[in-house]
Each structure stands twice: as structure tokens, then as C-alpha cells.
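Please read the structure below before turning to the comments.
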Amino acid sequence: MIQFLQQMINGLSIGSVYALMAVGYSLVYSIMNFSNFAHGGIIMLGAYFGFFFLTLFNWPFAMAFLGAAICAAILAVLVERVAYKPLRMRNAPFLYFIISAMGASMFIENFVIATIGPTFKTYPTVFSREPFRLGPLFIGRLDTMMFVISAICLAALIYFIDFTKMGKAIQATAFNPRASALMGINTDLIIITVFAIGGFLAGIAGVLFGMKYTVYPQIGFITIKSFIAAVFGGLGSLPGAVIGSVILGVLETLISGYFSSQFRDLISFSLLIFILVFRPIGLMGKSTEEKA
Amino acid sequence: MDWFYIKGILILSGINLMAVLGLSLLTGFTGLFSFGHAGFMAIGAYTAAAMGIKLGLPLIPSLLIGGLAAGIFSLFIGKLTLNLKGDYFCIATLGFGEAIRLILDNVQYFGGARGWPGIPLKIDLWNVIIINVVGILILINLINSRHGRNMIAIREEELAAKTIGIDTFKYKMISLFISAVYAGIAGGMVGYYTGFLQPKMFSMNKSTELTIIVIFGGIGSISGSVLGALFLTALPEILRAFALWRLVAYGAAVIFIMISRPEGLMGGKEITLKGIMRLLRLKNRPGKAAEG
Amino acid sequence: MLKVENLHVYYGGIHALKGIDISVEKGEIVTIIGANGAGKSTLLNTISGLVRSREGRIIFKGSLLRPVPHHIVMKGICQVPEGRLVFANLTVKDNLLLGAYLRKDKNIKKDLEKVYELFPRLAERQKQLAGTLSGGEQQMLAMGRGLMSNPELMLLDEPSLGLAPILVDTIFTVIQDIKKIGKTILLVEQNAYKALSTADRAYVLEQGKIVKAGKAADLIKDPTIQESYLGQKAEAGDRKSEVGF
Amino acid sequence: GQKQEPAKEEQKAQEAPKEEAKQETTGDVVKVGWIGSLTGDQAVWGQCEFNTVKMLVEEINAQGGLLGKKLEAIGYDTRGDAMEAVNAVRRLTSQDKVVAIIGPNASGQAIPISTVLEEMKVPDIATVATNPKVTVVDGKTKPFNFRVCFIDPYQGAVAAGYAVDVLKFKKAAVLYDVADDYSQGLTEFFIKTFTEKGGEIVAKEAFKSGDTDFRPQLSKIKTANPDIIFMPYFFKEVALSANQARELGIKAVLMGGDGWPSEVLLEMARDAVNGSYFVNHVDFDDPAVQDFKNRYMKKYDRKVELNGYLAHDAFLMFVDAVKRANSFDPVAIRDALETTNIQGITGNIKIGKDTHNPEGKEAAIIKIVDGKYVFQQKYSPSK
Amino acid sequence: MEMLEMKNVTKTFGGLTAVEKVNFMVKKGSISGLIGPNGAGKTTIFNLITGIYKVTEGEIIFKGIPIQNLEPHRIASMGITRTFQNIRLFKKLSVYDNILTACHHNAGYNLIESVLRLGRFKKEEKDLRQDTENLMEIMGLAKWRDHAAHSLPYGLQRRLEIARALAVKPELLLLDEPAAGMNPDETLQLMNLIREIRDKFKCTIFIIEHHMDLVMGICENIMVLNFGRKLTEGPPEKVQRDPQVIQAYLGEGAKLGA
């Protein structure tokens, strides 16, 4: 029983890591309708910014945290300008965006390797990493923080997207930029906003990952898991992405803990595919019978 | 440049091309996006190697059986997942590719993650060229038949394709099957070329590399795929001198091509004999005029 | 109020508009008629900034328009586009509110009620996703959305497309009503008869050129216009009344 | 006594060519190849290796070169990909005409390049490719493949032997990277020796390259209550998993292989790995090692990774072979390599003619004590 | 003789009943019309007939065989095709390829035959291409042969959609607002075209349209739909004088004319 509870805690904390990435990633996805594979790269850059602000500039933690998020936001917008905007202007199909995103992700990662170097950087300890203890159970401090932060980000984003005028404008732009422009929406600004928010969230995730895992050029790789989780949760649905993440985390944990860690991904992928067969739009995806 | 080295690049391009041709049918002509083709390559590679080593079959039958094994596998996958749309299908294939790799990592009979050395070397430039020429001819004939046109119709407008009586599921399945066979044969060639197989060789990076080539060459163009495979396999070699900056340049090149030629190299057009003749004639005409 | 001078538009190699000059005065309804592919939509799209011209000027209230759509909307020009272009992923109500995206006044609620009054079907379907509306319902929504932006100049591209006859009447009544409150309208219609009956002035567009211009009341009697745009060959006139138009 | 020798050897190596330089025509350049990962997730190790080779080449050239000729190091990136490695070696051997190649650092690349080496008749000295099949497949020795490191079975046996015989542990758990050849190799041989010696494996859990969270596996291991947890993978994952193990209240001793040593491990998991053991190629306190460490630090302003030491010795093997062959003919170098017997900074390197491995190279057991690597002893498992 | 029969057909979307207990028959060789206010459920009925939506309740019988809930492609190969209210062409393909693709049913060669270019492939492919040329000629599209579908003017796109549907050699052709976006003159031409098609291709035609000139001009039997239910049915003269129809659909303008 204790073992099971501990495993659930483990699962939730892995899930929060995925969720933290998934919110930013899924936001851009739901607006732009393509997988922004550069998101992992931005997370990584956020982690490096946080690291340098803390160690080279000796900034206080809160400032470094915010600074990293802002820098990440700027870079995310930069990526959009360079790699996606020209495609957007030509109404290119989503495949081209994905390839461009892959190019961007390759560029970012290797740029860091070539300049900063491939070595691992350890974050200075800002606060105690001692886990909370609940009887025989251990709950990670950073994990708890990630869980809370992803919940807050999610709530804030849902509010922003569903209940503000700007949010509606974002959704409209996602669907049809031309028609949105006719409503007087500055679509370019909207897209910048979306990428900035996505980048900001990536920056936050980056600093937290950096503290948890150290910083290295491939730290963004785990984004692939949040991609999977987001699809599983139902594409275009922010809560779906987060719930999908948590479920994926728990699922992986239980499989490792009770079946076979050697075949973990095999089993968890099979389960996900199995679920998709019965629910082809993911957990929270909106059912749309195509209207002819 | 030394011929020995160029030959190496050409053989590698040829191997990539074989896999790309298959993916081109699936992604370029049928409009399905796969992240798991490396998985089919892996199945083909291990099966073909086993045919040669354990049963002593010659190269071509081994490759064909490898391709067929991948094809048969694709039928199972397709049956489950081809009803999924867009990214859902994409995730399912990604999961499949990773699952195959994980299984191979664990199967000690084939060396597990440590790899399988000692596969006889049977691939040289000539048989690579012959295999590819046959592969290209088959694909051209297929595309220019009613079957190929049905696949293109699915890519263009699935609903309309259904209402003119195309069994879209069946044709997606055929497309997936053929593309898996191509990938399987390509995988077999990998083993017989390097003499060594390791699950790592068939990672998701390999799948994305193939996709990049297809899109880069231009969706729905076989000549685009050929040029894309040649160019993108050679590009990292050309960039060797950049050392650390090599993949930075590669990433930048991918972005650059996508944004400057968002239709890919060939943009859905084909280099045909007729086209070349026409081009030559165009060039000749002013000359003739001058004579007259 | 709006002046278009020597406008040339190209789609790649296709010369779609070949030197268009038109003007629209305040409070007028001006209609543009022409066959399929004449360039009517292209003209409207160029005015609203969706398509860039290669040559020519568009002047609105005395100043040159920058070809940036949201900027043009801010100046008070709103287009109801051809093919509806409703936001399929949003509800009917959200679509309507987006029409008022740039407005900051307090009358938005009131105008929303007005639109619902005009198209009761939309009121019933407030919460439905626009993408699942029927074709005609989407057309109503597009029109309603345009009204919500409360513009000075409204560009209407085939507002009656796909509407039931009874609603076609409604739409033209609405157009008259809008005029009454001092707005200006540039109307593109296939239903040339209705358009000419409603408009003050009209231009005839053929293959990217203005071939005729004048008072709508005059053009409706012009025999060449009758033949090529009103479908009225001698006997057709009879059938029209028989059918009930 | 032993510790003085490598330094002397090296001095000789550096002095000798000086004299010869005057005799032969200078100006000619002889190329030495290197391959490995300069990009991708293995870049940390690859870059360190190439830096080491470049530094040593510069040093030799500064002293007049080798056999009177200047050396030039040409290194190509493989980003950890087997096919890329094949192409890189094709280029090195045909276009660049290198006389020998150093690297790569992974068996997955070292194995497939052997066919090219044999075709072009150029020898290769792998740095940390530890799979036995790099040099011997099906009982046949690959003529042009050599290596400077000890192999997986040996290292696994050392770790298991030390754990049972010296540390007297009976119950071990293993956590390994299922998608990594190195990790799988060590695991296999650790388990083999450990059980042969009467120990018991109470848990065998796996993760996949790229994972960052190991708590599900560790929680499971915790319930099996092992004395020792064997962690045969690289230091980043070691640091993460060690920290997580301690966070879960696991008190077992941790043990690992040559993937461990790095400053990063101590920075990231100083407390968590306190009291752990690992198998290493070098004793970090060895004076010969200090010299190299300092030279590297001075030149690159970075700490040298373990691969640097092995690249250093691979280069030493090459220089020694050239001198004994007294020729830059690749085949002659190959022949000389077969009879290598030198003292490197990672120990005595005596290449076995049938195995092309450094035979009987002793492993160093290192313990981590208060953030320091403390050399315990040279150890080779008793049969 | 009945070509198509709908028995008590009902379709609901969540809580919304789009089509309710509709009964209707389409006679073989006839041109029938389907009219009704916007959102009445007309397109939905077409979607039900062609299998794009699944029927909630009731039966659709085509030539004596129930076809409700069959896959769309099965229904198409039984002889029912359609055009769409929102044009759905193979946008990037040429006019020629759009039609050629749709001809596929008229050939029977298999994959192997096409890959090896065997005799049957060559012969049948030649026939397909000839069919395509003929259709383009009949539909007046020959001039636009190599133009990409999306670059055609609206009216021609509709025409191409009809041509593509005809390529399947349907017995029942469903046209969803074929005259939308056409001016009265073009509508007149379209009317003639539809009659011509019926005679030349010997098929039955079922049309949704809001242009009353067209509907009243060519339809033999018209069903009027309102709020998903059948309001009335009959020949044009009857339908257009029906006060219910005038009130719900045609509007007062119609009364004046009458």
C-alpha cells in the first residue's frame, strides 16, 4: 500500500513535469495547429538563461526566474519571425511548419553546443531540495512546485483564452487569419502574443527543469513526451494536455513499478494507441462529425 | 574528391532514397504523416539479416522478405490506426517506431541494444542503383495508375474522395503497406552495407530525417524525393569542414529552404523526359532562329 | 468618401483588375455587378487590404489607405466576405462579438440584440459552434458579424448567396435600413435585379474593367444589361413572374 | 616506481623526434584522423577527445614533429550515428589519407567502420568502445581495429568481484539503460559474475536513454532492499538517479562504471553519491595524470572528461607504433600496434595479438568521499 | 418505379433534431427538388443519403436495397454521387486530373497490372482518358483542361464538381445548391445543362436550390422541408401556391408575383 501510494506520488510528479511543458506547447499547438518542435529548444534556452543569471550575474532567484522567462519569450517570438512567419504569409500547409520547426530545433540545440558547449551545468542550490515527508512517503519539493505552477498556468491560460476578448481573437486567428483581419484583429500581433506566452511558459519550465535535472543542450528532448501526452489528452484542448500529461506520468510509473520497466514504453504506447482506437479524438478532444 | 568517399555517400543516399520513396508515397501522395518509419526499417533490417545469416539466403530474396515482414507489420498497425486523423495517426506511428526499437533493445537473440555485428557485406553501389531504379519505376507506374490517383485524391480532399467511390481506408492501407515494404528493404540494405545492426540506428531521428527529405524534396514529387535524398544526405558531408557548427548550418539550411521554397525543391512537379526535351528545345530555338 | 483610382491587381501572371476607377459617396448604396470571375471580389478584397494592388490608389475620407487589413477596419471599413468565413471553432455569439472587436462603446449589447432580432435563427443558436451551422445560417452570421462592427462603409460580397428567398428579401431590407442610419454600402451581388433595385448607383465590371457606370435605375432598363445580367431574354420575363419574383 | 615511468616514456616520445627532425626533410605533414561525436548527446565526450588529440598533436609539432614530419589532426563529427561514422572514415581514409584513426568512443560506431578500415588498410584505435565485438567477432580478430580501454565483461566482472569479494555485499540491484549498448553490456557481465560468486540479484530495473526520472524503478528497488545498487550508465543519469534514490530514503551503497567520473557528478549529487564506488581506468591522483589534466585545463579552460585520458593513451599508442615501425605506412603502423607494450596514464597497455585489447590492464577502484575521488586500489577479479 | 425511397428518416445531433421522420420518393429518371428555409436540414438529408452521416432512425432504400449506414464509398459505387454546398474539389489538381480520378471505377486493373504496365492496364487506362476527354467536352471544360481546380472562377468550379460526379456514371446525382453564386443568366444555362445531363447520362437528379427560377423551371416533384420535417410535396405549381410554403420560405414577394 505504501509502495503504491509512493508510486502514485512518483507518477504525479513525473506527470507534472510533462504537464509543465505541455501547457506552453499545447497553447501554440491549439492556436497554430502544428507541432512546434522548437518548444523543447526554447525550454533549454530558458534553463541556460536562468543558470547564467544566477551564476554570472548573481541575480536573486525571483529575478532570474522572471528574466529567463522573458528571454525565452523573446526567443520564441524570434523563432516565429524567422522560421514560421514567411510560411504563414504563403499559407503553407502545416507539414512545412513542422519541418521548419525541426530545422529550428536542430539549429538551437547545436548552436548551444557550439557556443556554450555540450557540458552539463549545475544550478546553484537556491532552496532546500529535501523532500517533504508524509510518514513513510517522500514528496519532492520541486515536484510539488511544478505541480502547482502548471496548475496555475493552466487556469490562467484557460481564463485568458476562453474568457477574454484577446483570447477569442486568438482563437479566431487560429481558425482563419484572413477573416480575423477583416474583424480588425491585428493577426500578426496576436501570433506574436501567442508565441511570447508559449515562450514565457517554456522559460518557466526551463528554469525548473534546470534546477531539477541540471542544464544541458538536450534537456528539451523530453518535450516529445508532452507531445504524446497532449495528443492523448485531445489536441487543441489545454486541460486535455495537462490531464493527458498526468495520466501518462502515472501510467508510466505504474507500468515500471508493477509490470516491467524494460518494456515500459512498449506497454504505455500500446495502451495509448488502444485508447485512441476507441476514442480517436483523445480524452478531451472535441468530437466533430465533419460537416459536408 | 575521392571516388571511394563519394561512393560511400552515394550508397548512403541510395539507402535513404529507398526509404524516402516509400515515405513519399505515404506522406507525399496520400497525405499521411508518419513518425515511425524507422520502425519499419528496423523490422526489415533485422529480418533481412536473419534471412541471410540464419537461413543463408542471397541478398535480393533476403531484402524482399525483410520488406515483406515490414509490410505485414504495417497491416496490423494500419488496421488499428489508419482511422485516426492527422497528428493522432502521427503519434500512433511514433509510438510504434519507439516500441519496435524497445523490443529490439531487449531481444538478446539479435544482440539487444549492443547490436548485431558480422552481417555479410553484400551492398555495393551497383546493386543499390539497381534496387532504387526498380523502386522508382514501380512507384512511377503506381502513381500514374488509378490506384495512385485514388491516393492523391485522399490527400487532396478525403470526403470528396469517398463520395466518388474511393475506399479511402483500403487505399490508405495499401499506401502504408507499400511504403513499409520500401522502408523494410532500405533497412535490409543498411544491415548488409554496414555489416552491423543496432536498434539505435532506427531512432525517431531517423524517421524525422526521412520526413524532412520528403517534404524538402516537395510533396507529391518522386523526382523531388530523389533530389532531396541525394542533397540532404550529401549536405552534412559537405558541411564536414564546419565541425561543431555542422548541424547548426544544416538546421539553418532546412529552415532556409522551407521559407524560401515552401513547396519544397520540386513543389509537386516532376522532372520528366518530356520536360527535359522541352527544355532543350527551348534552349535550341533561339539558335535555330539565328540560323534562319 | 471612397475613391479608387487606376487600380491594377495581379495574381501571379493573371491580371485580375485592369485599371479600376470608382467612387462612393457618403450615404450611398453602390453596387458592382459582373459575371463570374469578373474581379468583383478581388476589388473588395483590395479595398479591405487582403489583396495588394500593384498600381493605383485607394483614398478613404481624404487620406490614402495603408494596405493593412486591421488598420483599414479601424478607419471604419468593414467587409462581409464572400464564402462567409465564419469562425467555425467559435460559438455564434463569440463570432458576433468578434465583429465588435475594435469597438469600445457601450452599445455592443444593444447591437447584439438588434442582430438577433433581425435573424432570430441566430438567437436560437447562440451557443452552437458556427462550423456546424447550415450554409444559410452561416451567411446570416457573417452579415450579423459585419453589422456588429458598426462601420461607416460596409463592403458586402454576395450577401444573399445561399439564402432562402424569404431571407433574401430580409437582407435587402436590412441593406436599406443600414443606409437609412447614414451608413455607406458597396455591394457586390449576383442577384443583379435585386441589387439594382436597391442601389443608388452601379458599376458593371467585365474581365477586370469597368465597362459601364451610372444610376441604378437607368441601368436596370438598359437592354444589354438586361440580357447579360438579369437573365431577361424576352420570354424569360414571363417566367419570372410566373415563378414569383 | 611505477608512477614515474609514464612521464619518462612520454618525455622520450617527445625528445626522440627532435633529433630525427633535423635529418629528414621538414615541411611534410602527416595526417591523423579522429572520429566521434562533436554534436548530439554524446558531444561532451567527443569534444573532449578531439581537444585532447589536437593538443597532443600541437605539442608534438612544437617539439619538431614525429619522424621529422609535422602531424595534423583531422576530426570528423559522427553525431553518434553509425552510418555517419562509416562515411567519416571513408573520407578520412580516402580523401584525407590519414595514417591512422583514433576513436570513436562508442562500440556502435567502432564496429561498422571495420570494413572500411580493412578495405583501405588503415588502423583504428578506439577510445572507449567497450563491446568485445569491436575487435573480435566470431573468434576472428579484426586486423585493423584496436582499442585502448578494457572491455565490458572485464569491467562488469571487476565491479561484481569487488562488490562481493572486497565489500562483502550479497544482495545487489541493477538499474540500467535498456536502450544503451554500454549499459546493457556492463549489466550483463556484472550480473554474471555477481551470481557466479554467490551473490543474489534482487532487482533488475531499466529506463530508457533520455529519461530523467527514475523514482518508479527506485521505489521498486527499495522494496527489494539491496545492499548495493549497480548503476552502469553516465554521470548525468547517475547524479539524477542517486539524488532520487536518496530522496526516496534508499540507503544502499551505489556502484558504477567508467561512466561515472566527472566534476558534474560531484556538483549535482555530492551528498547522494557519498560513499559510492566505481570502476575507473585511471587513478586520478597519479602524477602523470595530473600533468595531463593541468595541460588540458590550461589550454581549454575546461576540466578534462574521462575520455580525454583514453584519447591521450590512444594517441600515445599511435606515436609509439609509428616510432617502432619507423614509418608512416598505415600497415606498418598496424603491425607495430599489435606488439604495443607501453605505460600510459591509464595504466600498462600491452596489446594482445589475438584480441587487439590491452591485456591485463588493471582497473582502478575509486570511492567517493566527501566530494573527492579517493583511489582505493588497482583491482582485477580473481578467477 | 422508385430510385430512392426515404422511410421515416431521422437524424439528431446531440439534442438537436436536424431531420425528423422524413418520407420521400424519387422517381427513376426524374428531376426532383428539395427546398426549404436555411437550416431546415436539406444538406443533412444529402449527407444521410451519401452515408457521410449515420442515420439515427429510419431507412433509406436505393433500388430496393437499404443503404443507410453503409460506407460512403460503397454507396457511391452503387451509383449515388453528389456535389457539395461548399465546393470540395481536389484543389491542387488540374481539371483533367479531377475528372480522371473520378473515372477510376470504370477500370478494373489491379495493382500488379498497373505496376507492370500489363496489357489490361494500358487498354483500360486509354479508355479512362478518352472518357475524361469526352466529359470535359460535354461539360464545356476542355478549354480549362490544365488549370488547377482552385484557380477557376466560382461558376466553373461548380461545373467541374458536377463533371467529376458524372465521371462515376451515377444513377442518382445529388446537387447541393449548384447555382449558388451564379447570376440569372448563368443559372439559365445551368438549367439547360442539368436537363441535358439527365437525358444524356440517363440518370436521376435530386437538387437542393434556393434559386426558384431553377427549381420551379426543371423539377417535376419538389419536397419542402421546414425545421427538419416535410412541409409539403408536389409539382412546382402546387408547391409555390401553398400558403405554408410562402409563409415559411418564399416570402411575401412571391405572393405578389402570383
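A, B, C, D and E label the chains in the order they appear, each numbered from 1.
Methods note: a contact is a pair of C-beta atoms (placed from the backbone, for glycine too) under 8 Å apart; a residue touches a chain by one contact, two chains touch by 3 or more.
Note that the structure is predicted; figures quoted are calculated from it, not measured.
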Going chain by chain, each one touching the next, work out the least steps from subunit B to subunit D.
1
Common touching chains of subunit D and subunit A
B
Check A-C against A-B and say which one is joined by more contacting C-beta pairs.
A-B
Sort the other chains by how far their Cα centres are from that of subunit E and give me the top one.
D
Any idea how many Å lie between the Cα centroids of subunit A and subunit B?
30
Report the inter-centroid distance (CA atoms only) between subunit A and subunit E in whole Å.
47
Take the average of all CA coordinates in subunit C, do the same for subunit E, and state the distance between these two points in whole angstrom.
29
I'd like the Å distance between the centres of subunit B and subunit E, where a centre is the mean of that chain's Cα atoms.
40
Would you please write down the residue numbers of subunit D that are in contact with two or more other chains?
38-40, 47, 178, 208
Going by the touch rule set out above, which residues of subunit E reach two or more other chains?
13, 43, 50, 52, 84-86, 88
Return the residues of subunit C touching two or more other chains; collapse runs of consecutive numbers into ranges.
132
Subunit C - residues contacting subunit A, complex:
48-50, 69-70, 73-74, 78-79, 81, 85-90, 94, 97-99, 101-102, 131-132, 145, 149
Residue numbers of subunit A touching subunit C in their complex, please.
165, 168-169, 171-172, 174-176, 178-187, 288, 291
Note: in the complex, subunit B contacts subunit D through residues 1-5, 7-9, 12, 101-102, 105-106, 112-115, 117-118, 121, 190, 193-196, 198-201, 236-237, 240, 243-244, 246-247
Can you list the residues on subunit E that touch subunit B in the complex?
50-52, 71-73, 76-77, 81-82, 84, 88-93, 97, 100-105, 107, 109, 111, 114-117, 121, 125, 128, 164-165, 167-168
Quick one: which bits of subunit C touch subunit E in the complex? Just the residue numbers, please.
11, 14, 33, 35-37, 83, 121, 128, 132-137, 139-140, 158, 161-169, 190-193, 227-232, 236, 239-245
